[in-house]
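Just passing along the structure, written as structure tokens.
Chain IDs A, B, C, D, E and F follow the sequence of writing; residue 1 opens each chain.
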Amino acid sequence: MKRTFNYVVMIFVFTAMWIILNEKAGPMQIISGIGFSVLSIFFVNYYLLDDDYIDSYFLNPVSLLKYLFYLVFQIYKSGISAIFKISKGESAVKIIKYDSCLNKELAVCLLANAITLTPGTVTIDKTKNQLSILCFQDDEVFSSGSGGKSCSDFEKILRGI
Amino acid sequence: MGFLDAVLIVVSIYAAVVLIRVVIGPTIWDRLLGFNMISSKIIMSIVILSVVTDRSFLLDIALVYSFLGFIGTVLIARFVETRGEI
Amino acid sequence: MIEKIFLILMVVLALITLNTVKLRRAVIYLGIFSLVSSFVYLLYGAPDVAIAEAVIGSALSTVLYLVALKKYQVFTIYYTNANYNEIHDGYIIKGRAQILRDVERFFLKREMEPQIIYTTDDCDYVLSAKNFDLLIHQDYDKVKMYGCIEDYHVDAMQDYVAKNPYENLTVEFVRYEAGDQIDA
Amino acid sequence: MRKGLAMLFCIASAALVLYVYSDTKIVADTFVADYYIQNFLKDTYARNGVAAIYLNYRVFDSIFETLILLVSVTAVINFSWRRDDEK
Amino acid sequence: MIIDFISKVFIVLALIFMFFGVYGIFRFRDFYSRVLISSKVETVGFLTIMAGIMLKTGFGYSTLKILFICLMVIVTNPLSTHAVARSALKSGYKISEENNDD
Amino acid sequence: MRNSSEIIARMTGLLFPFIIMFGFYIILNGHITPGGGFQGGAVLASVFISRYLVYPDEGIRIKSLQSAEKALFFCIVVIPVLFLFANNYKSNELWNQIYLISMNMLIGLKVCSGLTIIFFRFVFYEGGK
């Protein structure tokens, strides 16, 4: 039941993308959009990926929107602090290991993507749910959370995905 | 010459300045970083051009770059990392 | 105005691509060239050609050039210097002493792709890791080169250095067998 | 020496192209182009002129283009032949 | 009128962000600082300039398309940065610091 | 997975259906907006290239792609002969639209299979030590 619901949500997303690309929302576009999204999902399942696309890549739209808003807010916050760093010109760098408290593979990858996207930190490597992060010497954001069991705000949002 | 035309010129001058880093960059990863930055600037200029000339189909080309632009960078980086295997 | 900037960029990129010796750099320059040329096609009102150039230049042609570069053998050279303990651009540019430039030119002439890696690690640490083909250690005017004894490229390198020696540098070759440990 | 000559040639041709671009308006004979631009919509019902030309007026062109792709695929397969390719 | 002014402010702000990104790529002296700061401030400038252009054009299909471009850039831009940084670290370009935590 | 980062592999898999839909969009709207058979086929072929980033092993059936390419080329030769040189439907708008869309589609699929074959032959069979 839940699987069918996920299929319907994904097909809806792809059809919306098709309508945006065509810049027209007539009946012809909707029918062809549904047809091509079903075709592309089946093609990806049978020919390109080993596992099922819906099972491994389904995203809850509500928490995805929450994640996006928080991500943009975070990007601007650290972007402004990055400007001060540029004008100061400091350059001491370190690598820290960060144990994430997430279980799903896709959520960990989205967390790594978000870490890379914020100025000041870049993800280098990932094994299971441990991330190696490259950051500045005086950065305190991730080194404080690595010892204890507390989750950062990103992970609280990403749990719902 | 409108406001957006001036913005277009400024963005292209930025791209030309980043090209200096691509040319003098001591290591090959500096060059790849500059390549990445120039590609994002080209996406910006295409979007601005489509607004200036009021042709919305030019956005397709920006979409092509945002979909497929990372493949070349990833492949070159992997080529350097594995020392000659692709 | 905008066309002129991008046309001049295209000419500059073509000249740089022609003038470079290392082929991996040329692949990157060609990637930027295809980006800029796609934008110039757009400016002159040919969006069909611009889409084709974008797809082909960003994904396909890069891959084909890299597959062609697989034929070249990559020769990994580590460079350590005792005088510096921090990597920055000045180290890389000033550290390019005459000897390193000669080594690079020598391998390029033999149709190999030298990949030079600058480290601040100790010489001993790099020796114990042993994922290099040639290690150059410089301490003011004393240069030591470490290479495997079965590598015939290093033999040719030794002959080359012996044939035209340097005035203010003493170059010494240390060869090790494939399996054993050496101490520096 | 050869590289210097090649650079000189490149700079000269670039200067020529920029000069031609800035100075004169060179346009080829526009007889065929005018006919196509005026009539392609009611001949072929395609709103994109390029598609009208390569699928209707010059359809042989695109047929032979795909033929060239087929021939090049065959050539690539033959040149990269390997011994365990047969199984 | 006021929306037009706000969009202009956004675009000028984006140009300032991008100027800092371009300045930072010449300011820092080693590769890792450059990959940490400059290429990311670039993304901030990208998002801001897209917001300004979306305000300028008003709501329509082209606005949705630009939003879609922004989403795709958010997904794919970190991938290339991650690949470049990882390639530099794996092939031996060492970090110039003595107390690494690994 | 030989030396490929897990993050790149996982996030590239997320993009597959989007790229496929975009390629079909470029092919199908080739007669209205810029694009067409060759460009859309190249986009579809780059899906297979990015699949190489996810699973770098031989999981592609090249033999079936070869036979598909030959069959598609046969169709490309036959359809203009049936339609364009028959002279009966030349002034009918609907038939013209169908002809344009089907030709674009065939050319796109053929270019996709051809470029995919070239890429995989080069990567797996050519250029080894």
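FYI, a residue touches a chain if its C-beta (ideal position, glycine included) is under 8 Å from a C-beta of that chain, and two chains touch if they have at least 3 such contacts.
The model shown is predicted, which means the values in this text are computed figures rather than measured ones.
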**OP:** Could you run down the chains that neighbour subunit A and subunit D together?
**Re:** F
**OP:** Supply the minimal count of touching-chain steps required to go from subunit C to subunit D.
**Re:** 1
**OP:** State the pair with the higher C-beta contact count; candidates are A-F and A-E.
**Re:** A-E
**OP:** Mind having a look at which chain is the central one, using mean CA positions?
**Re:** B
**OP:** Please identify which chain has its centre, taken as the mean of its CA atoms, farthest from the centre of subunit F.
**Re:** C
Subject >> From subunit A, the most remote chain by mean C-alpha position >> reply: D
**OP:** Report the inter-chain centroid distance for subunit B and subunit C in whole angstrom, where each centroid is the mean of the CA atoms.
**Re:** 24
**OP:** Report the inter-chain centroid distance for subunit D and subunit F in whole angstrom, where each centroid is the mean of the CA atoms.
**Re:** 20
**OP:** Starting from the mean Cα coordinates of subunit E and subunit F, work out the distance between those two points in Å.
**Re:** 32
Subject >> Multi-chain contact residues (two or more partners), subunit D >> reply: 48, 50
**OP:** Please set out, as single numbers or ranges, the residues of subunit B touching at least two other chains.
**Re:** 27, 32, 56-57, 60, 63-64, 67-69, 71, 74-75, 78, 80-81, 83, 85-86
Subject >> Residues within subunit A bordering two or more other chains >> reply: 17, 21, 23, 91, 112-113, 123, 125
Subject >> Partner subunit F, residues of subunit B touching it in the complex >> reply: 57, 60, 63-64, 67-68, 71, 74-75, 78, 81-82, 85-86
**OP:** Can you check the complex and tell me which residues of subunit C touch subunit B?
**Re:** 1-2, 5-6, 9, 12-13, 16, 24-25, 27-29, 31-32, 35-36, 38-39, 42-43, 47, 50-51, 54-55, 58-59, 62-63, 66-67, 69-70, 72-74, 76, 89, 92-93, 113, 115
Original post:
Given the complex with subunit E, which residues does subunit C contribute to the contact?
Top reply: 78, 85-90, 115, 117-121
Original post:
Can you list the residues on subunit E that touch subunit F in the complex?
Top reply: 72, 75-76, 79, 82-83, 86
Subject >> subunit D contact footprint on subunit C (complex, rising order) >> reply: 7-8, 11, 14-15, 18-19, 48
